[in-house]
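Common to both upcoming complexes is chain A, partnered first by chain B, then by chain C.
Coming up: the complex of A and B.
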């Protein structure tokens, strides 16, 4: 099987090169046969890579440890569930997974793109094939998943216990899907630059793909946060680790694009900016891959340092130079069709939103690279950690949150004073009211107060938008309020789906701000002894150590502690936390021991218990008890975000017939509403 | 003043505050990342490096780790091959912390020559991969 896999990798490599060459040539020479060939190459590439993936999975399931990859990441006693995820548990397999998903997206782009954008497709095929061929070349020349050991070990080394978690089965593929799918908008951008067809047509072709990758990136980030929270046991979900930052960077840039693209659609402005954002987002995704795989920057996530990093660095530099050159030569074609008319306009507020997003992205990039930069310039390595990222990004994030509310309230082109008064009266009152309530409730943390009251403001703006839209429908068509709301949402999916995403952003910010009230204690307890902790929700929580049990499971030896939890003296549940020592089939220990966290999740607080260890093998145990406020809202907010994103993405129902881009009927909600009154 | 100029002013304001926040953030929270030899050099040249929050990247000296579970105190030595520092850390070490692993110790070097750590990160270059058996 491994021979077949190896051969299909070579086949995919050659087909990828062929697709790249015929795509470019077919586009330049306008030759239909070559264009057709490039299209077919994309499909063939996908076919060959699927054969490679299937071969690798078969080898994994057959425990063919003569393959270095299978021996390194699996073992006979690994649960079946994790045999699947072994495909992307290691460097080499994840490269194969990456290339395969890219070829799938590339094929879908060929199939799903509407005929009126056909001119872009040869170049799209060329770019996607070239990128896939690069990934395959890394496998063939530096990290071949089908490499043989030359002998057959009795058993494999097994999978790192921290990857043996359901979150880890879904987090990498989701994040990869996000990363990889950015290649499609990038390919369309390059195609638009090459064909010089830079009107808003390519935006239409590219918008849904951007949204798809934004959505996958969001899901990947959220599952990653969840995994860090339940598996790593340090009590939080975001640590500003370089690898987390690398995934956040393209997300920020894509978010900026999803907003600024509206200005180009409606007003024909920001063409250069939008193209730059797409190119930048893709380059950042390759940069993220480089960071993750090169070991240049110390991170808990890094794969083993290897030559693979140099491949990516070379590719990154080459791609950056090529796209920048192409971009610069096309700048004269990217003139804006309109100018900014007023500071108090939707355009201006979107521009500020973009500046803030890019500002955040820049500071995150700077902080991530600072150790390298300071060493190169000053000769001393200076590191910045979470305090830096929080200090910079909390104010910027709060400003951005405020813009989430302000932007949609301001009319396009130029807002009038009565218009502003009408739009802002209710939301500003709600904001003040929220602030007053929180002050009366005794909250004194400045950051949280600002975050919560801005959150109240934004929520009020969204409720107001929904209420006005529903009322207008109710008056005009006599629909009952509930029906009017549903119709409103399904007729204007992009806009109202977007508002739902904004609701999610508010929930997430509120949840992040809640972490300011985290409390924590460590205690060494004998069975029967109790530790107490004052919760930020006003209750007193007490934790009673019930005892230790030790037993063997399939591939691990477990030491478990049970803890009774009381709130104000009343028992509310029992938590279980474990230390696991993973073992191989001969019950020899593999890897370092890992911790299983006990979590009791609630709307107000999460109770988070970690067993740190036993004192000299007795039942006396060391625990860390943490009370994390509002964490549930991160996961709920994430769900709302995904739902909102899916509503926007759902086919049909977007633009009503007869209203092409930039038609006056779409010229902004406030204007439209005045007319309806 | 045209809308474009006003916008430019707003943009300068945003870019300026991002720049200011970053500069002050690095000034206030940036930490030296040194090897034990570099730390020894700096301390002998400039005593203000005592009691300064910094990070030291080194390897744990095998056989020097002692864990006292009851008081949650971890003692070990770190070295880069030439200079050796004892470290005292109160708290829970990460799962990946073992003998001879590479660590990043965050803390302060005191006049008694001991680094009092506030955080210990086990920098396991092969986090996702099993350590090859010797």
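Coming up: the complex of A and C.
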């Protein structure tokens, strides 16, 4: 099978090159035969890569340890669930996964794109084939998943224990899907630049793709946070690690795009900016790949580091220069069709929102690269850790949260003073009321106070928007309130789905702020002994060590501690925390012992218990007990975000103004109300 | 999946087992606190439970010590601070040693800043979780803020220019043949919708 896989890779590489050449040539020369050939090459590329993936999966399931990749990341006793995910557990396999998914998206772009955008498709095929060919070339010349060992080991090394977690089965593919799918909007942007058809048509073709990328990236980031929380044992979910930052960067840029694109659709403005955002998001996704795989910056994600990162650096520089040159040459064609009428308008608020999002992206990028810069200029190695990122980004994040509430309250084109008064009255009152309530409750943490009260402001904004919309429907159609809300959501999914995403952002910010009240302690307990900890929710939690048990599982030897948990003296449950020694099929240890955290999750607090180890090999054990407030709301907020994103993405529900198939693009309303001036 | 071969205090001899059994009978009806005096038996295989631990002392939980350690980076390559690293999975061998260094320096009567300075002297600026705010490092802290302020300034300028241009432009967006009465009616309708 490995020979078939290897040959498939070569075939895919040649097909990819062919697709790139014929796509560009067919587009430039307007030759239908070449354009068709590029289209077919995209499908053939996908077919060849699927054969390669199937070959590798068969080798993994057959425990063919003569393949270096199979021996390095699997073992005979690895649970079947994780045999599937071994495909992307290592560098080489994840490159194959990446290229295959890219070819799938490229094929879907060819199949699903509306016929009215047909002229972009040859270039889209060319760009996607070229990017896929690059990824395949990295595999063929530097990281071949079908590379053979000179011998057949009795067993493989097994998978890193930290990757043997359900979160890790879904986190990498989701993140990859997000990263990879950005290539499609990028390809359409390049196609628009090459064809010089730079009106809003290309935006219509890519808006859903951008939303798909954004949604996958969001899910990937959230599952990654969940994995870090339940698996790594440090009690948090975001550490500003360079690889985490690398995934956050394209997400921020795409979020900016999803807002600013509305201005181009409605007003024909910001054409240059929107193109730059799409090009930037894709380049940042390649930059993220370089950071993840090069090891150029110290990161906890060390399992994917290797020299292939420099292939990506070369590719990144080449792609950046080519994109920028093309972009600059087309600038004269990217003139706005309308102009901004007031500083106090929805358009202006979106621009400030973009400023903050790109500002945060820049500060994250700057902080991530600053150690390299410092070493290059000063020759001094420095660390830029969470204190730096929190100091720079928390104020920006809070300002962004405030903009989430301010934006929807301001009218398009121009907001009058009476209108502003009417719109802001309820949200501002809610903000002040929330602040007062928190102060009366005894909260004194400035950051948390600001976050919670701004959260109240944004929630009130959203509730007001829904209430007004539902009331209008009720008045106009006589619908009951619930039906009116449902109709509101289904008739204007983009707007109200977006508001649901805003609710999620509030929930996430409130949950993040809750971590300011985290409490923890370490204790050494014999069986029967109890440690107590005061929770931020006013309760006293006690943890009684019940005993240690040791037993074997399929591929690990477990030492488990059972802890009885009480809240104000009343039993609320038991927690189990483990040390796991992973072993191969011959029971030989494979990795360092790992920790499994015991978590009891609630709406107010999470109880988080880590078994540190045993004292002198006895049942006397060292524990860390942590009470993390509001963590449940991070995961719930994530769910709400995904639901909101899916509502926006769901087909139908109204076409954005000016972008319908027959409606001419509108650069402003037809009537100006002089009295409002 | 599990063989459940060993549970709890499994390393004991027959005599120890009988003693433990007797202790169980004697302890019936006693309160939880009395079990505090219970000795901890050995586990079947201590090796599989990871690195052996020493009992936690009050200084390990000292907020001042933790605050210092949260500003210092562990040198194991994890990228975490000393406190987080030593309390994450408790397998790192670097962070407990660095923790001992912090305790030693604190025991010598050094202040938090003096302990941090001592670490910087020994390991360089890379020992800090965030670079000190001096010299070139100031660029690290202030470039993002300055960049955002400059971008904001240009954005406001551009907005002003656009709004001036819009004000200067003839009212070409006026609707074709809209009478004042129709405009007033539209305004009322829009106001009603807003309300």
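List of remarks:
The criterion applied here is as follows: the second predicted complex is superposed on the first by the 652 of 677 C-alpha atoms of A that agree within 3 Å, B and C clash if a C-alpha of one lies under 4 Å from a C-alpha of the other, contacts with A are read in each partner's own complex, and residues count from 1 in each chain.
Note that a residue touches a chain if its C-beta (ideal position, glycine included) is under 8 Å from a C-beta of that chain, and two chains touch if they have at least 3 such contacts.
Nothing here was measured: the structure is a model prediction, and the numbers come from that model.
Clashing of chain B with chain C is the outcome of superposition onto chain A. By the touch criterion stated above, A:268 is placed in contact with neither chain B nor chain C. In the superposition on chain A, contact of A:239 is made with chain C only, not with chain B. Using the contact criterion defined above for the overlaid structures, shared-chain residue A:72 touches chain B, although it does not reach chain C. Once the two complexes are overlaid on the shared chain, A:383 sits against chain B and chain C alike. Judged by the touch definition given at the top, the superposed model places A:472 against chain C, while chain B stays out of reach. After overlaying the two complexes on the shared chain, residue contacts for A:153 are found with neither chain B nor chain C. By the document's definition of touching, neither partner reaches A:166: not chain B, not chain C. Comparing chain C and chain B on the residues of chain A they touch gives the larger count to C. By the touch criterion defined above, A:559 reaches chain C but does not reach chain B. Once chain A of one complex is fitted onto chain A of the other, the partner contacts of A:89 are limited to chain B, with no touch recorded for chain C. With the complexes overlaid on chain A C-alpha atoms, the stretch of chain C that clashes with chain B is 128-136, out of 2-10, 20-28, 38-46 or 128-136.
When the two complexes are superposed on chain A, the residues of chain A that touch both chain B and chain C are 233-234, 298, 300, 302, 339-343, 348, 351-352, 355-356, 359, 362-363, 366-367, 370, 374, 380-385, 387-388, 391-392, 396, 522, 524, 592-595, 610, 612-616, 620, 622, 624. The touching residues of chain A, counted against chain B in their complex, run 72-73, 89-90, 157-158, 160, 162-163, 233-234, 295, 298, 300-305, 339-343, 345, 348, 351-352, 355-356, 359-360, 362-363, 366-367, 370-371, 374, 380-385, 387-388, 391-392, 395-396, 522, 524, 590-595, 610, 612-616, 620, 622, 624.
Residue ranges on chain C touching chain A, taken from their complex, read 1-10, 32, 35-36, 38-56, 60-61, 71, 73, 77-81, 84, 87-91, 124-131, 135-137, 140-141, 143-145, 147-148, 151-152, 155-156, 159-160, 162-163, 165-167, 169, 171, 173-176, 178, 183-184, 186-187, 190, 193-195. If you check the complex, the residues on chain A that touch chain C are 232-234, 239, 241, 298-300, 302, 339-343, 348, 351-352, 355-356, 358-359, 362-363, 366-367, 370, 374, 377-378, 380-388, 391-392, 396, 419, 422, 472, 520-524, 526-530, 544, 547-554, 557-559, 579, 581, 592-595, 610, 612-622, 624, 668-676. Those residues of chain B lying in contact with chain A across their complex are 3-4, 6-7, 10-11, 14-15, 17-18, 21-22, 24-26, 28-34, 55, 57, 67, 69-72, 91-92, 94-98, 104, 121, 123-132.
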